[in-house]
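As structure tokens, here come the structures.
Shared between the two complexes below is subunit A, which has subunit B as its partner in the first and subunit C in the second.
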Partner chain A sequence: MAFPLPRGITPPEISFLAEMEMVTVLPRQRLDGLELLGGSLPTLLPPRRTTLPLWLALLLKRQRRANILPPPWLHPESLELILEIETQNDEYQHAFSPPPPLPGQPTLAHRDRDRDRAVAAPVPRYTPDGDKYYPTPPFLPQNVARDHIPPGEPPALPFHWLEVGTMLLDAASDDLVEPDQTRRLLKELREVRTAKIRSGVEVLDAAAVGGGGVALTGVGAMEVGEGRGFIAGVVDGLRRIGASKEQARREELAEEMANGGYDASQDYEDDMEF
Partner chain B sequence: MMDIDDILASVDRTDTSTPESTALDHQLLTRFWVAERGVSELLPWPAALMERILDRLRLQIETIEDLASASSDPMYTTNPNTNAPPTPATTTNLKLSILQTDLSRTQYLLRSLLRQRLSKLTKHSMHYLQLISSSSSPTQHPSSQSQSQSSSSEAHQEPIDSVPAPPDPAADPSPLSRQEVSFLHAHQTLLANHHGASFLSSFPPQLRRLDDNAGGTSMVQGPEGREVVFVRCVVEEVRVVVPPGMGWRWRLRARCLGWGMFGRLGGRG
Partner chain C sequence: MSYYDIDAILTDAQKLPCTFELDVPGLGVLEGNPGENIKAGTRIDLPLWLGEMLSIGARLGTSRLVTLDIPSALSERVMNAFKADPRTVDLRSLAPHFYSLSERILELFEEEEMVEILSNTFKKRAAEIADHAHNPQGALGQGADFLRGLDETERQLFRVAHDSAKQTRIWAGETKKK
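Up next, the complex of A and B:
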């Protein structure tokens, strides 16, 4: 009654989150800097490129006060490549194309080479309360225009690819390269990936047993959000069916722990994000 | 031993009035909102963060009001002090619309967050009331206390008596905020009175309590702690182990091979 929405953020709320993604704009008029609640807005000076949140970029774009520079992945060539990985590559027959690397993480091309080497851990920021903070999408620059893309870095779909792509096609199609082609490719990618999600429900059984989990690496925010209700429902149903087996396992584990066989020396870390 | 990063961080985290701090708090609020929307139980109230955000919100509303009243002022457009051309009204309007959009977005986040929390609180009101009253007076376990009361004294047999007393105002009411505690208590008192007046008064006295646990089954339901959750790993490896005997939280031992893994983990009680 107090709140009608189901648990887990819904697709409109995911779009709201995606509007916090940073994009690059080319302002067409001067505007002094402003202090916003989401951080400060730099002075807009044409023709200097500026990075703005997507909601603001769209607001300026609708009033013809700025042009949006499309992110490198939202380009027919990049999308063709990603689509090829999704459909032709055997390795990704049942998996999703790799997401863009997070800060400190090696890119896919270097991953195999760097595996043995210790990867430089990213420096966390600290909150005023003293906790560690690692930024995640939508607060990573996954959608800003880049002049120089290092060789060996394949294009990758960012976490909010579907939402950002759709919104840019909607409001700023004249700023995109071949918008019709881009629209078609986005649609194809969406269909291919939706089919993968549907065929993947078989593995949900693994998530229903205690401690089990299913990795969703590379799945976009909207794709998770759309499937959330159904997936959570299936797993919950399976969990209830297997509850008696689960109970037996739990007792076994509790006994094991009582006998001191349980490794309780592992440390807790608060780097978990729901 | 303290890491050099920790030392650096302790230096720059003290000042919360910088724009960087504003942006960080905005990200923290967004993350907290997503988390609160995603789990079945109430998450601990981030009092310090909320205080900072609400303060900024008040200041921002004042700024917007000042700007709006200045732009409607006829003196503003013909500024006698400068020879520069007057500020075009469109720029002020643009500024205002940007500031207002930004304000509304933050207000939306806060509203959605608070309403989600209220919805969780009212759904499991007795559970949370017992939780905060038991944490403030750990010697008295609420269920055993209520059981002994219901069997021994016949005087405490109205539904209203089963509502736990509000905790000591000085005590930390985590995971609720103080406002939520007073709301929840008022809400449950009203509800208990209503239940009592509408149908519980016609029941035998021993069946009138709202926290009856006769037969080993408690009437008070808490949130389902074994539901699946969607987890986003933001670092290379996370180890969370909750002993299987705890019974209220899932156990999780995740080893993420890549960051950005969005794993879903099964429940374990």
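Up next, the complex of A and C:
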């Protein structure tokens, strides 16, 4: 408690992490490739599009050496659509709009239309040591520009949507389509989603005693960072109030089991005893 | 709860009504007359840490020294007020460390219903706290009465919710850093 820094990570730290996201740039000048610890960067040749980390893209943009191509979701039309899902769709009244699908995961539209058709298996990648791995969200290119979006794939907000969106609006607003409109939509989305987090407090007790909970699928990094302290505090408070009841329940359960109840979960229960 | 947690120490100091079951020679200092004896049946408010220790005889099977009572902060009257509307109760005037106290009390007494009522109260009030914490005028406007009635646990919640909202606003450039 006496530690001066707040628990969890602060908003500047979250946006620092978001700068690792890859974005597409259109270089205006030739630049030799760079060998960095995080991997080498390709040579920039003016008419050719290249994928770079956001931090470098922003740096080059500020020096007027590149233009950033906005990701498909950061477009007024996509944002309107997501906002509509968030506000109008009954299914998402208390949940966030679905996140972008993982590789190998069916998109929403597919899931509804052809449930039976097998989804293309995800493409594995290889580490420098030759180990196979499947990349997951922070390492998936969710913010690169795409020429062709397959039909039936609705626009979705990536994990770092708020940070990437805000940073691009700050530094590269002239590269975006209708920046003012985009800014307004981002703000609205943020308000809608904050309200959803807040209404989730009402059902948090279910999360504390187990069995229930709040659906946080599709939540953004900044939203987690903002809600962390409060939500964790509420859940902990409820846990402490309910501790004696939980204790009684455990004892009852142990007694039941000692009296010759089913012993299938005996080992598991033993672990839970204090 | 840590050894050095000041809130835990202050919770320990909260008073608990106790009734002595036995005559205790020389303990009159608790009642305010040093040197005298305490008679069986005397009711005194003792701090939580002392009352808890003195009542421990019951658990060891010997006759106990004192019996504990539920403190006034958690009386039937207060529970009824919680059932009516959790938001209007001034927790701070009941006990500055209301939830920590009730947590300790619930360890000593088996009160299923009280757990229900308190969980519900905490949840309802937490939602209200979140609203006040996100609203910059909350501390000055109409919410002032509610905020003054928060207990220590709730104050910490308010602070953490307020700070994280503020930091995010600073990051987004909506407010200036002070």
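Annotations for the structure displayed:
Here is the rule we use: the second predicted complex is superposed on the first by the 213 of 274 C-alpha atoms of A that agree within 3 Å, B and C clash if a C-alpha of one lies under 4 Å from a C-alpha of the other, contacts with A are read in each partner's own complex, and residues count from 1 in each chain.
Criterion: a contact is a pair of C-beta atoms (placed from the backbone, for glycine too) under 8 Å apart; a residue touches a chain by one contact, two chains touch by 3 or more.
This is a predicted model, so every value here is computed, not measured.
Looking at the shared chain after the overlay, A:84 reaches neither subunit B nor subunit C.
Once the two complexes are laid over each other on the shared chain, residue contacts for A:9 go to subunit B alone; subunit C is not touched. In the superposed pair of complexes, A:178 makes contact with neither subunit B nor subunit C. In the superposition on chain A, contact is made by A:217 with subunit B only, not with subunit C. Of the two partners, subunit B and subunit C, it is B that touches more residues of subunit A.
By the touch criterion defined above, A:253 reaches subunit B but does not reach subunit C. Applying the stated contact rule after C-alpha superposition, one finds that A:228 touches each of subunit B and subunit C.
Once the two complexes are laid over each other on the shared chain, residue contacts for A:99 go to subunit B alone; subunit C is not touched. Shared contact residues of subunit A, touching subunit B in one structure and subunit C in the other: 1, 8, 228. On the subunit C side of its complex with subunit A, the touching residues are 5, 99, 102-103, 106-107, 110, 112, 115, 118-120, 122-123, 126-127, 130-131, 133-134, 153, 156-157, 160-161, 163-165, 167-168, 170-173. Contacts from subunit A toward subunit C in the complex involve residues 1, 6, 8, 10-12, 15, 166, 170, 194, 198, 201-202, 204-205, 222, 225-230, 233-234, 237-238, 240-245, 248.
The residues of subunit B lying in touch with subunit A in their complex are 5-6, 9-10, 12-14, 16, 19-28, 30-31, 34-35, 37-40, 46, 48-49, 52-53, 56-57, 60, 63, 91, 94-95, 97-99, 101-103, 105-106, 108, 112, 115-116, 118-119, 122, 226-236, 238-241, 243-245, 250-254, 258-269.
The part of subunit A that touches subunit B in the complex is made up of residues 1-3, 5, 7-9, 13, 16-17, 19-20, 31-32, 34-41, 55-56, 59, 63, 65, 98-102, 104-105, 119, 121, 123-130, 133-136, 138-139, 159, 206-219, 224, 228, 231-232, 235-236, 239, 246, 250, 253-254, 257, 262, 264, 266-269, 271-274.
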